[in-house]
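The structures considered in this document are given below.
Shared between the two complexes below is subunit A, which pairs with subunit B and subunit C, respectively.
Then we have the complex of A and B:
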């Protein structure tokens, strides 16, 4: 019952364990225990989206997830080698989406989340993408190119 | 600080009984983990509810909607049945913060955090929901209106955990107005309106107003003056109902986002616009 037993989860396709010795956020675990520095630390209050990762297929802010919450779940970060993540990356490059680049790992993960989920009945695909991207802030203001990159993927999927 | 992970509700209730206010309950963690990392709260024990299967149930039927403490905002947002049966709740769950937060954040967690300007309390007030507070001694059902008592304060006792919400959906016309600066922000003022019409007369009306003071309120006098009149008369006097609701709400909160006077103005506009829109 007490969480001295390890926390097990799949990280980018690999089974991973944490010994459960301290209360730690997923973001800290990724950056400082696993040395996966692609996931950025921004506001740390679940607002800016720089730390977005995919948890069981859905984008979440990893700064607001404690490790106990990911037990037996699947996590995907920007370091993942899955082919659909590669497609999103390519689209971001071809649209010159990054400016300073700090928000981009989070933006890519959110776009990936949008391509993997279905829009609800009250929104179109484009609205769905924009809705998911409300969880990410770009202080360079490069939203139009980021959205253009996301739309390219969503539209190419439907054809 | 240690984390306890119960697998059954009874275990969780025993833990809460044992540790009392030294224990914080962790559900989606979208508010609590921020407070923990900022060292604003430092409980001895965290009780994580995520492994308790029974708290993950969502039951939607014509007679009743019930959901447990681990049901996330996005699950309610994407539930097709809920959208048909309680569109107001489904809509309000879709405007909470960002999708990232909704994917983990729970409605009951949001309610227990009791922050000013969050959305779900208004839905629960307007739909007359009840919240189940469980402890080892038994359970009690608390009407949504009595649940939040002050800034970050609820009526839950030290040994109680909020485990479930139930509401009886009625066929009503409803809308939700939320004023905020950025899409992810908390509401500066928000109004949920649910009006039931029978025989071309307003049979019941509920106006839930949030973001204006220590707790969300209902504009009871305005509600009772709406009952019994025709929708046309309500539309004609929409401005009057707007001002009356804003006087009743009497916003007391002035902060860096808006002075109380502006909040009052927003409530007036929201109520009159809402009445015109749904009737």
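Then we have the complex of A and C:
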């Protein structure tokens, strides 16, 4: 394993340093170094979205992010205590969105990313949400509830 | 929605949602134990061959490697098909006493990906490095790769008892040949459905730990902990009481209905050998490669109808591909046959079916197994008949479907009124009579189609079907429900909580459910599979709850502590009183339920689809979908609606784009990039109609909903284009081929 100088970043609001292999994935670091098991492990090739976290404000697949890429950046996971994340969680509960639930932390982080960003001039709010959710698969087929939960928050913000 | 007390037709929010939205570590892949080793599996790279030697010397030299197990370490045997039982006067159903061929690390490998050995090491990387260094010598044997090869007269016999999973199953009523000759019209077709992958997001994973005195505990996702316990006991040559199975959270859709090749049993074997906890976590690609699939099927059907649309004869020959080993294939033909023979009332009918072994990835349970294949074929042919005779497809069903008073296959009288309501309510909601079946708009064609189906809730008394549930007062004033049933995401935790609360006249918060652990749960055969939980386990739970309620009422009188909904906190006082005055265990009750009827409870559906087909590209877009679903008594409507949506989603995948490709025995699109599953872009909003019937038991919903989807969509495509596809998925290539444009 190659060694590099420590990597510094903010993880769920706390300054964090990592001094190990810089080619470790962010997913493995979160789950197996930090024991943050809320970020779920699915396909590991950047397709299913179970491992979605927020990196500098944007939802990313943590399986495809190497630690060397997070130096001086800010990471937020499902374990975060941000009030707006709590709002998304509550919307997911009230819409009965989780079934088996493996995709849900990733779905919640993507919805959080959608609520924190603005639609482009060519998108409606719903299209904006759906475009961000294209990075997440729910194999239980719970999309109606996931979309409804996300839209509820996006629509309430603008009123 | 309500979170305290459930009343009729009011939905309750999922009880497990709060922990799931926090990403709680409740899944098999989240599970870790101190001192745990990681194991990787050496898999066969050929389709069929005899293992001559396995050399592990180089592998053992990898730092961190603790133990390697091969066939030499296995003292267990081969699984059978214990599911069916002898029927008085009818003998043992065919196939139930045949061997499956399935064992841990066999001396002959039968598909690419089959486990040969497993390595336990301090890290997963070391285990994989060692796996790559195991030298294995295999004498290749000619494989059987397709159903046709398996049944050809000079076929290699891949198991000593032949290439059929079970003896051919045949049933005939009336004179089919004559009726087909006499019929006003005769229709004939061959219909094919593909292998479909469960494509579970969480890859397959099992953790096993030695717990002393030769015992092991296994944490993994299962449908039926007791069945997995029995299977592991056979595979490992151990007594069942030495194996504890605990079901973690995680997806199934049928994927976890039986043990997986070289997963749970391999972890258990290594745990016993090393004395340390073992984790076997497959990659997503390995999960696609060795996880069971939906059975590939081929149906040949002939139907004879009178000029008024009355079906007078039907003949069907069915073949399904079970792959190398398939535990459920021991009864899939019986299951398909009972569907083929049950939905329509046909005086002359013949069915014959074969489940065929091939040297390919094993098939198994998958949401709505047997019915999905059967109704794609039967309903597509009926839709073709409707088109050719110019009869309304809805009317054709109404003329021919089984009516109240008629008997299901094993003789149980049917109540068809839910089916009639599914058809009429679905047609109304869809506006079936308001628009033509085909509308052309330039290079786009819009078509509409429908299909009906029946699927089983439970398996009926033809099987060992049965569920026992225990309920007990706890010292802190709750009632604890103990069941081996797990909740794989269907919502059974919440549904059973509602049923217990209502039966005991207590608030939801007074009920606690302990699920999916064989340690002290009363025996439950079949688990969370076959659509059965609310009916079979639910009925057992209601029985146990009624008994406990009586006991608590007696004690409450004696203790002069009122037992009622409004004074639920008195349960704790009652428990205190019982401990002080009576002593011993707190009051409890256990109840076992087996349905008396040989036939499973039929669950009906009528679905309606509107699609838009691009005549240039062959792309099909579902514009409108209505699913009317028979539920009997409805326990938790909102979750039922979601289960219908989920079942339709899986089946639309099979109808339009999902197919696991197996070429020369090799899975060639086994990953999420190449195997398309629907994302938010492919998701189709579904109008769900829950058709409830108060005096019927709570029927299953999660699986039965998938059966009519593909034929409804294929009929809509046919009405748009003029061509009935006989094979799904209806990919753009297949549509263009049908249009003569390729």
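Here is the rule we go by: the second predicted complex is superposed on the first by the 153 of 159 C-alpha atoms of A that agree within 3 Å, B and C clash if a C-alpha of one lies under 4 Å from a C-alpha of the other, contacts with A are read in each partner's own complex, and residues count from 1 in each chain.
To be clear about the criterion, a contact is a pair of C-beta atoms (placed from the backbone, for glycine too) under 8 Å apart; a residue touches a chain by one contact, two chains touch by 3 or more.
None of the values given here were measured: they were computed from a predicted structure.
Student: Clash or fit: how do subunit B and subunit C relate after the overlay on subunit A?
Tutor: Here the two partners, once superposed via subunit A, fit next to each other without clashing.
Student: Between subunit B (first) and subunit C (second), which does A:93 come into contact with in this model arrangement: first, second, both, or neither?
Tutor: After superposition on chain A, A:93 lies in contact with subunit C alone.
Student: After lining up the shared chain so the two structures overlap, which partner does A:78 touch, if you call subunit B first and subunit C second: first, second, both or neither?
Tutor: second
Student: Output check: A:42 vs subunit B and subunit C. Expected answer is one of first, second, both, neither. What do you get?
Tutor: After superposing on A, A:42 lies in contact with subunit C but is clear of subunit B.
Student: Is A:102 contacted by the first partner subunit B, the second partner subunit C, both or neither?
Tutor: Only subunit C is touched by A:102; subunit B is not.
Student: First (subunit B), second (subunit C), both or neither: which does A:134 touch?
Tutor: It touches subunit B and subunit C both.
Student: Kindly classify A:10 by the partners it touches after superposition: subunit B alone (first), subunit C alone (second), both, or neither?
Tutor: In the superposed model, A:10 contacts neither subunit B nor subunit C.
Student: Classify the contacts of A:34 with the two partner chains as first (subunit B alone), second (subunit C alone), both, or neither.
Tutor: A:34 contacts neither subunit B nor subunit C.
Student: Would you check which partner chain A:145 touches, where first means subunit B only, second means subunit C only, and both and neither mean what they say?
Tutor: second
Student: In the overlay, work out which of subunit B or subunit C sits against more residues of subunit A.
Tutor: Subunit A has more residues touched by C than by the other partner.
Student: To be precise, I mean the smallest distance between any C-alpha of subunit B and any C-alpha of subunit C in the superposed model; what is it in Å?
Tutor: 6
Student: So subunit A touches subunit B in one structure and subunit C in the other; where do those two contact lists coincide?
Tutor: The overlap between the subunit B and subunit C interfaces on subunit A comprises residues 44-45, 47, 134.
Student: Which subunit A residues qualify as touching subunit B in the complex?
Tutor: It is residues 1-3, 20, 23, 25, 44-47, 49, 52, 55, 58-61, 63-66, 68-69, 71, 110, 113, 120-122, 131-132, 134-135 of subunit A that touch subunit B.
Student: Of all residues in subunit C, which touch subunit A in the complex?
Tutor: Contacts found on subunit C: 1, 11, 13-14, 16-18, 20-27, 29-30, 198-203, 249-253, 283-284, 488-491, 638-639, 642, 645-650, 671-673, 677-681, 683, 685-686.
Student: Which of the residues in subunit A end up touching subunit C in this complex?
Tutor: For this pair, the touching residues of subunit A are 37-45, 47-48, 50, 77-79, 89, 92-94, 96-105, 108, 130, 133-134, 136-137, 139-147.
Student: Over in the complex, which subunit B residues touch subunit A? Could you list them?
Tutor: Against subunit A, subunit B makes touches at 1-7, 11, 26, 29-30, 33-34, 36-38, 46, 48, 50-51, 74, 77-78, 80, 83, 94, 97-101, 103-104, 183-184.
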